[in-house]
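In the two complexes that follow, subunit A is the common piece, with subunit B as its partner first and subunit C second.
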Partner chain A sequence: MFDPEKLIRKGLPKGHFKDLVVRSLLGGTTYFVVIIAALLFGKILIDGAPVLFKAEAPFVDFEFLTSKNQTLHVFDDAQGTRHQLPASEYSAYLAKHEGVPIHNEQTYSYSGGGIAGPIAGTALLTLGSMILALFFGVSAAIYLSEYAKQSPFIHAVRLAILNLAGIPSIVFGLFGFSVFVLAVPVITATPSDRSLLTLPLFIGDYVMSFQGWNSSLMAGCATLACMILPVIITASEESLRAVPQGFRDASLAMGATRWQTIRKCVLPFSLPGILTSSLLAITRVAGETAPIMFTAAVAAKDDLPWQGLKSPFDVLSSQVQALPYHIYTLAARIPSSEFTQRAQYGSVFVFLLLVATLSLGSMILRAKLRAKLKW
Partner chain B sequence: MVSMNTAIQIKNLSFAYNSKQVLHAVSMDIPARQVTAFIGPSGCGKSTLLRCFNRINDRIPGAHLTGGSILVHDIDINRRDIDLQELRRRIGMVFQKYNPFAKSIYDNVAFSLRVAGPTKRDELDDIVENALRSAALWDEVKDRLHASAFGLSGGQQQRLCIARAIANQPEILLMDEPCAALDPQATLKIEELIRELKKQYTIVIVTHNMAQATRCSDQTAFMYLGKLVEFGPTMQIFENPKDPQTEAYITGTFG
Partner chain C sequence: MPQADSPPTEQPHRFQKRGFSGEKAIKFFFASNAGLTIVILALIIIFLLKEGLGFFPGYQRELQVYRIAGLEFVDISRKNLTAHEQLTSVLNRAYYAEINGKCAHQMRRSQEASALFNAYTDQTGPTRDLVISNSQAEITPNPEMLAALRANFDKQKLKALASLPATPHLTANERRDLIESIRTRAIDSTDDPALVTALAEEFAAAREKQAEPLQAMRATIDTFEAAGSELSSLVSEMTESVTATKEKIQNADILEKDRKTLLAAAASAKDPAEREKLTTEAHASLADKPDVEGPIQVLLERRPDCIKTHAALQQAAAGIGSQLPAALSQPEAARLLKVARNTWPLFIADLAKTHEEINDWKHDTPVPLTTAISSFLTGKDWVTGGEWQDFYGILPLAIGSLMISIVALIIAIPSGIGAAVYVNQFASSREQALVKPVIEFIQAIPSVVLGFIGILVFGTVLRDLSMLDSLQWIPGFPIEERLNIFTAGCLLALMSIPTIFSLAEDAINNVPSAYAEASEALGASRVQTTFRVIIPAAFSGILAAILLGFGRVIGETMVVLLVAGNRIKIPDFTSGLGTFFQPAHTLTGIIAQELGEVPLGSVHYRALFVVGILLFTVVLAINATAHRFVNKMKH
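Let's turn to the complex of A and B:
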């Protein structure tokens, strides 16, 4: 005979304590990660935000973003007042107070002025590498998903591309150095001594010289593009595959050519996916130090990338400062002190803000476009 | 000698996916301006046969002809020098799962004309209107031509696909189980439409639904295991089948 009283338990539920232990263990590990993130962002926020933001209108210190990087001079004047001046103001001060002695002078490299140079350099590197990576990446993805027959060879190609994504960025840096900096061909009338090979072109004095692009913006862009290519290809191929087969069937059945089908019925619908994944790729490109260390970046540069050039194209063949490399320089090359903190935490804060903005942008874009294109 | 009334002439057609033979020497003449239904159990090759007519099977890796030919206007459509795009403009297709593009209703119907070449705007407007009227959809969508096609009901979307397929005035309309994804109401509407469209077009329809075949087809072909078992006027096939296999299938004892 079934006893209805058995439905009501006496005491705690079965396995109550085990459940509690497992639950707190899993919760504990989760919140441990959150604590680490909070500490990291908290420290940077507390020390970095005051550099960029200020109490009175317009609340943002644009000077930090728009002025050039300079050496900081710290000294006492005759009255014993402590001054902190970037190099340009320092020389102006000296000119104004000629003959007045100053005491206890100390200089801190990179710590004065702003970070306009690194911001501009990173922007140019990102822009250039994304243009290259998107062109090659989307083309390859279209070929792989729309044209290539699914043969073992194509699978091997896809595997090779996936493996490329796992290569450490420093290896890409060295690859870029040996290929783009030292070996790619250029057309010039005056080949360098270390040219690997020169081929005559029979046009005036011009020869094709395999001497590389030196450390330059374009070598850096090419290296970063190589690094990000696998991500772009894989993501683009995925978004191309996500477009329903029915679209392709319908389009072909109505007499469209293969390319018309891709251009009108596949690409427009996979673009949101391609764009969002590219926006995430931008954050990676903007943040990498290793690939540009040997190929494009320079620690100190007086001019902004577009200043002091003979022709606008020279911007491609000149070196640039870059935000992640600048942070590395600030952290590793100069001793930390109360006077360097402003530049150090300020740069990291601006950098994180930039990456966060891009990530947020990609999330918003994805949500918006997904809502528009549903099937 | 092909009679004037034959739209598609199939001669000993054999077809395979890789090494798997799916059609065995199928021969039949599909009459013009009539509805021909292909019936048979799943996997009997009826969809494959239909998809041979506009060579959309080309898309499937490993799919290839192993013998025979398909003639349209006495031209072998598997010739190497066939203009595939023109062939597919002459032979339209409606798929099992309605598949309008994620574009506006107007752009869906105008698609085939736009890929064929530039068309004047007012000419395009006329063609789109006519196609939508022929597909019995005009009255339902005329106020929202530029709204997304995905806002339509399933039945309306399938009729949009029909409008899209007939926008460039094909001679032949292939329908691969056009009602499989639709409710009975929408199905009836499509069948009504098929009866209307056969005045202008040769229609070949694949269906699982035998009642549908009797309701809207003139000719019926029963296929089994890649072979054409019996082909004849629908009334005869259903009321007086000659082949015992056909009889067994239509009376529901197998299949």
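Let's turn to the complex of A and C:
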């Protein structure tokens, strides 16, 4: 008897079970990564958020963000009450209660006060290096996308960009140290002994001495700019190329010069894209520690970068504190205890918040950009 | 004809301005900015080489001094002494592992009880001290203040009693009694609670009992240990004399360098009087050649002594090897005993060779430059800032970097690629919208934050996990160091997963959709299509993703500097997979750690730059290979 029902396979297709296993295995690894990431940030969030936020209005503890970093003093007074005071308040306390003995005093470096210094330093480093990198990077990208034709020079430039992008950050640290800290030229009347070369300038006693900028904000900015340059160039070139060729052709056909075309018809349309991708570059610049360890950063500094200077330009030639370096110091140089946790988790939380905001901003901007610019 | 259509671009229009124009200047400006990348790359290479290349001649001179002064001669004996010490320590560890393993129960009970008591005293200590110091003061104590202090102490005591550590090996009754005895303890009592003392005594008794059958082993170890004492005193005697010679040679080197600087200054000085002055100064500072021959002859006279001592040690060691017990019952002890047994013949063979080495050694053979290079690349010690002799061998650092990368890649490759395949092939668009931003966010996390998480969170969690009884089957557990290769590897895996994920996903995405459509048209299921068609087609792209992930891992600095444990030593491979739970140091970490502390221009400073050159070369080679794979991918 012919039964058409027999032709229809009942139940699950063959191999369905295998399919399911493979799928859930792959999905499992994916969500494993997601969960691990969530757990780690949850931990930082739980321990760090109380430092920055509080229960009553205005909900944010600005003191942690705006006060300077100090040594923390922990001690008991005669009543057995425990005090935790940063160095300045500690000396005020001592002056007020003169002659009263205190007990069990302990000090914790870098753990008192806030993180205004590191935040200011990181802001200056990021600002300086992004200005440099955007200027040179966007110019280079314009050349690559608007002017360049196949030539050995372009080939060499592309190879250099590819290689620069792969160099480990610590090698950039070595490079910045040997070039910007020790070798770039400065104009001075009193060249140092280790100057590589001195050229007379015939203006008074001034000579051009290749002795470097020392460990300073300038040197750090220059090093970071070199590191981020390939990222900026690649991203900018991509946004420039995304502008349709027709815009250029139309402009050139109207008799505009190439520079006019670039300025009026290409740059304005690619600028949002360039800025969006620079937001991601900012997170990278702000987070790098290895390149600034020897070129700009200092673990402890009493003043904010712009305080105690003779002229405003001195800010460029002085060392700064930086948030990532501060976190490194907190993690590596001081033993963890209940009194240091506020500084440790607080700094990391603020830093992560900054990075998260920037990368979230770049994601949202990119989505908006995609929705808006459709040609 | 296409040629005819193309406009003649060579001939400028006659209205166009000739010569230098604003447009050309603008173009030149942009071109020079593009050229900046080449300049930066060239500067990196030039300055790394400039600072680094001076290392090899400098190191060659250091090795020469090492030989001339006789330090190398002493090191022949010292090497054997160290081997002897290590062997003794392995035997001792085996002995104690056997005893402690046999009375593990008593040991845990005793440890737990004292841990509980210590947790209590740690928390209440400061407030307790305050009460005691104030009540013992010569002046009559202020009763009000004393009461306040006491109340404070009681508060702290309650808090401490509420948060005592777990004691899984104590019975419930014992724990209750112990806590009760702590609660009712007089504030100024200095004795340990009865149970803590009792358990400690019980443990000591158990140890003694277990040590009974091992007396023969103890005696053997002691004899072996004593056999090395003669060599030890000989080495320390010789050390003193050769260090003095080395110092003399180094001082002479410094003077000679100063003299050369003065002479150079004299040659370039314009004023003849000035030149005269500098030249006389230079001649005056001419160093006397330090007397090397005298001390070296004294040293060489000790050759017979050395040989005799070594022969004695060899004789003693050969006899002892057979007296060791055949087997031990505890696994850790048995492993250590096996290690000792395996190294024993090597130790004896080394001792036998020493005789020739001592006789063949000559202090005046020059050290060629190739020795400096090869001892940098294959040297097993990175010792700096020591009083004896600095060695710059990168093997321990390279092995550390490599092992950390292996751990990181073992974790990151399956999860990164698995996630990429899942997200691209199986996930719904809602899942994609969840997973992709999370992974992108992981990429944006600064490495120093990951390092911080490793130190304060992950390392501690891992150590607590390794203490669990149910996980003791994992080799290397319980771990000795919180910060080790495995911890660093895990964090670096987290760091390289986004790189591998996004590149692998790109590669899978770039496979033409016709491939998948053709496969599905033939009746293949989704899984079959993915694994038989798409992944093979994207294979070289995925390989490139792995290589670029590897390049990122090996060049990463802050995580390994914070989390790898920073011990400059080749890991002890005898512990099998447990090797991965030992601390290590890395190529990147050493630069970050030491560059800030070395004097500019010293051999050590230059050595760090050579490490930088090496890193640069390795990472560029990896990236170049990866890009070749990417180019192959272009369909």
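Descriptive notes on the structure:
Criterion: the second predicted complex is superposed on the first by the 359 of 375 C-alpha atoms of A that agree within 3 Å, B and C clash if a C-alpha of one lies under 4 Å from a C-alpha of the other, contacts with A are read in each partner's own complex, and residues count from 1 in each chain.
Keep in mind that, in the parts below, a residue touches a chain if its C-beta (ideal position, glycine included) is under 8 Å from a C-beta of that chain, and two chains touch if they have at least 3 such contacts.
It should be emphasised that the depicted structure is a prediction, and the values quoted were computed from it without experimental measurement.
Applying the stated contact rule after C-alpha superposition, one finds that A:257 touches each of subunit B and subunit C. Look at A:169: by the touch rule set out above, it reaches subunit C but stays clear of subunit B. Set against each other, subunit B and subunit C differ in how many residues of subunit A they touch, and the higher count belongs to C.
Touch criterion met: A:246 reaches subunit B, while subunit C stays clear of it. Of the two partner chains placed around the shared chain by superposition, subunit B is the only one that A:150 touches, whereas subunit C remains out of contact.
By the touch criterion stated above, A:265 is placed in contact with subunit B alone, subunit C being left untouched. On subunit A, the surface patch touched by subunit B in one complex and by subunit C in the other comprises residues 257. Note for the complex: subunit A touches subunit C at residues 13, 15, 18-19, 22-23, 25-27, 29-34, 36-38, 40, 43-44, 76, 78-81, 103-104, 136, 139-140, 142-144, 146-148, 153-154, 156-157, 160-164, 166-175, 177-179, 182-183, 194, 226, 229-230, 233, 257-259, 280, 283-284, 286-290, 293-294, 324-325, 327-328, 330-332, 336, 344, 348, 351-352, 355-356, 358-359, 363. Those residues of subunit C that touch subunit A in the complex are listed here as 22-23, 26-27, 29-31, 33-38, 40-41, 43-44, 47-48, 50-51, 126-127, 129-130, 133, 145, 148-149, 152-153, 414-415, 418-419, 421-423, 426-427, 434-435, 437-442, 444-449, 451-453, 455-458, 494, 497, 525-528, 531, 548, 551, 554-558, 561-562, 588, 591-592, 595-596, 600, 608-609, 612, 615-616, 619-620, 622-623, 627.
Against subunit A, the residues of subunit B that register as touching in their complex are 54, 56, 59, 61, 85-89, 92-93, 95, 97, 99-102, 111-112, 114-116, 150, 161, 164-165, 168. Residues 149-150, 244, 246-257, 260, 264-265, 269, 373-375 of subunit A are the ones touching subunit B in the complex.
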